[in-house]
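Labels A, B, C and D are assigned to the chains in the order they are written; within every chain, residues are numbered from 1.
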């Protein structure tokens, strides 16, 4: 009980919990779930963009896209490492991903059939991710908060690059403008749903907020995001596909329409456009790489044992 | 400037096509660390391509994108090794070992070029390909001496790619035309061997004896793989001629 | 005629994209007999595509080639199962089992269409897909009950392709618009199951429980594989707009 | 000795040797070598054309090309079967192909990077093959002669299709005409070399002619081929890349220039553009198909043994 009291005190004082500190099992479990899901999202999130690297329409865009996807692999690496401090291995986490036991952000179960999606993913998806993540830089668990600091810095870079892709399209030919609008039409609502279900239907949020893993409610973050993107959309010249979107003088915020939560849950359950695809590709890369990882392990063991012999 | 540009174009095409191949690995690598590593190597290589193509294009009033996206297959000047499909990870590593050693000796030589721009590009690139060479050396040894399967694949990958080695050192009219600017390909074979043969020895790999292909990439003769690669690389840009991205 | 053409276009795109996938197998099959068999099936399927696209195009003053080569991805109306990459031979066979059973029940129904041309195309095609169905049935059983490895691959192949089954029977506005001409997709599920489920039973394969994808091919929503397929399929024709071959 | 006399008599009378007939070991060996090489050539010959199926520029051309490559697989099948009558299995023959012990026609070690090559291969390569093969329809070994009858019929169809491809290009845009000419420039000399080295340097030919496996000398066949294609080239409007090519009134034949036999031998030794590619692709298809063939075998064995149990 004194351990719990010490933990509660640290949380109350906004201090960081470190791997060597005692923590409640439920706190540990919640973190493992959230952090590994976050790591998996980075890895799965490489796919829709990785799929466009070979077709990027200019060498500059190709370089930027390669760097971005590579950053995502890097984020995955930090986050797996940070999660490993909670007593689970990367192999175990990957296994949970590949068997479907662990989730990743449902946003990647949408397809990216158009080059403009590279813009929308950056602007809207990374934008929503940042809105979610900035508060996490102050998450109570130390390794998580520190990983998020680094990640958020790179993400906001990615968001600007996505915005720039759309801007170039909107400044381009009519076909390019249509491409941008069509893509924004597809990504707007899914991006808003990235903040999770309305607060009333989000049972886990309370505890996470108490533990200072989560710092703002889903609906608060969503509102903040909408307030941010509306003027950006105006600047771009794209129309956000929501007839109910308008400034509310009283609230000092934008009102926006109901989201289709049935669709959200359907995608979450596995019936999105790309659920099957994403998991199949991930598994294929992992399975095809098995012999490489095994070879590296065998070589390292042999090297270690010959060192032992030599010493 | 036209003759120097033609020389730079060949070097730029080598790097461009290799970067395109490396880009195919991203999100498909055997482990996350390799997504990062191959991405890094691909990015560096794409960077070299952009510098070289921008320089070549400047002589003709063309941009790097004009050259990358709006030339047909026969107008590309890359040597055939760079076009070869990735195969499995072992084959990619075999190709990387060869091309990284080649780039290392090439860029080291090119640092002394009479052409200041090429010398500067080479100086920057030389540092980067050092890391690429390290990466492929480590993996070559690891895979060759890892498991039975990894060894079998490494031998097969090396045999598949070896026929394209000789072409790297074949005469290149574009190089001959600017002797003070270019590095003569033939002079690179010895320093190349001095890098690669010890790695193969350490990995206990025999030098393959498969005959060399006729080559001719510098003259626009390409293996059948290039057409497919370009179809994909150029598809979007060509759907929107004149567009800015 | 426009409404009938739109219906024919969807059917034609299904066949065209599948034929393109099957064409990738030729010269790469596991044995010579299969180069012949997959070639035959691909050729038949391409034949169906040509008849359907020619008919659809006739309403708009367009040729089969205008439709095949000069539409962009979002204008294609194929359902997503036809776009899926071949995977290994087991996955291709799993896809063939499903699509051959689907074509069988579709063309049998379409024989009674109020549109004489579609009825005639369907009558010819129905005979051909009978053979395709036989081929995939035989191989499904053989692979499922062959070796441990072939069984593992068959299960994996079936699981990979199964999420795309439901879309085949989803409502199609183009079919709804011409009820006397079209076969309503939903009515085909029962006869489809009557063909496929006994084959799976004979092969001792469980019906996969992987959730269905959202689909939408008939509305122009395509999986990420289609863009790559079209890049390759259309590359040469688009390099020479207006040319006759 | 009486067996040999009977064999010689059959040959002298232009009768067919059948699998059950006695034959000299050298005759058998020569046939196995020639027939399996011919079968291998059909199989390897599928590659340069197979590589264009996915990119054929019209659906009609795509269908014709698919049918052609499929015919080649069929030819390979007959020829392997015919060769099996000589006491060697298809597996053994494929093994010889994959290890490089057996040859295939060196013409397929040239690359086909252009759509026009689909025309040149049909017109020139299949044309030369037919000129070689028509006399083989009367080859003394029965199964070989009969296989060739069927093959030659289909090949002449292929040759006309190749000619038609070039004709369409020459009737097309300037870019198409250039494409056709560039391709003919590459294939002309290799096609002429398909008849083998000059008679003076072709030591095996004598015996084969005595056995009536071969019926005309290399140089005779080459001359016949040149005489055939020159007027066809004129009709097409393509230039054959040989400055020495001209009608010789005295001989009643076209004279033509020296061929580069050094190149021929280099390609034969493995240094062509595509030797490595062709063999690697063939091996890859075979290796990747191993589990399928094994599954079929295992299933057939199980089915056979359960039938035995049932009966």
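Criterion: contacts are C-beta pairs under 8 Å (C-beta built on N, C-alpha and C of every residue); 3 or more make two chains touch, one makes a residue touch a chain.
Computed from a predicted model, the values in this text were never measured in an experiment.
**Q** Moving only to chains each one touches, count the minimum steps from chain B until you reach chain C.
**A** The fewest touching-chain steps linking chain B to chain C number 1.
**Q** Compared with chain B, which chain's mean CA position is the farthest off?
**A** C
**Q** So, what's the distance in Å between the C-alpha centres of chain D and chain A?
**A** 57
**Q** So the centre of each chain is just the mean of its C-alpha atoms; given that, what is the distance between chain A and chain C in Å?
**A** 36
**Q** Give the residues of chain D that touch two or more other chains, as numbers and ranges in rising order.
**A** 51, 55
**Q** Of all the residues in chain C, which ones touch at least 2 other chains?
**A** Only 227, 231-232, 235 qualify.
**Q** Building nodes from the protein chains and edges from chain pairs that touch, which of line, ring, star, complete or other describes the result?
**A** Other.
**Q** Chain pairs that touch, all of them, please.
**A** Those chain pairs which touch are A-B, A-C, B-C, B-D, C-D.
**Q** Along chain C, where are the residues that touch chain B in the complex?
**A** 72, 227-228, 230-232, 235, 238-239
**Q** Chain D touches which residues of chain C in the complex?
**A** Answer in residue numbers: 16, 19-20, 23-24, 26-36, 39-40, 42-43, 46-47, 49-50, 53, 64-65, 68-69, 88-90, 141-143, 145-147, 149-150, 153, 232-233, 235-237, 240, 242-245.
**Q** Would you mind writing out the residues of chain D in touch with chain C in their complex?
**A** The touching residues are 43, 46-47, 49-51, 53-63, 66-67, 69-70, 73-74, 76-77, 80, 115, 165, 168-169, 171-173, 175-176, 281, 284-285, 288-299, 302.
**Q** For a test of understanding, state which residues of chain B touch chain D in their complex under the given definition.
**A** Contacts found on chain B: 73-74, 160, 163-164, 210-216, 221-224, 226-227, 231.
**Q** In the complex, go through chain D and note every residue touching chain B.
**A** Residue positions touching the partner: 48, 51, 55, 111-113, 182, 266-267, 269-277, 280.
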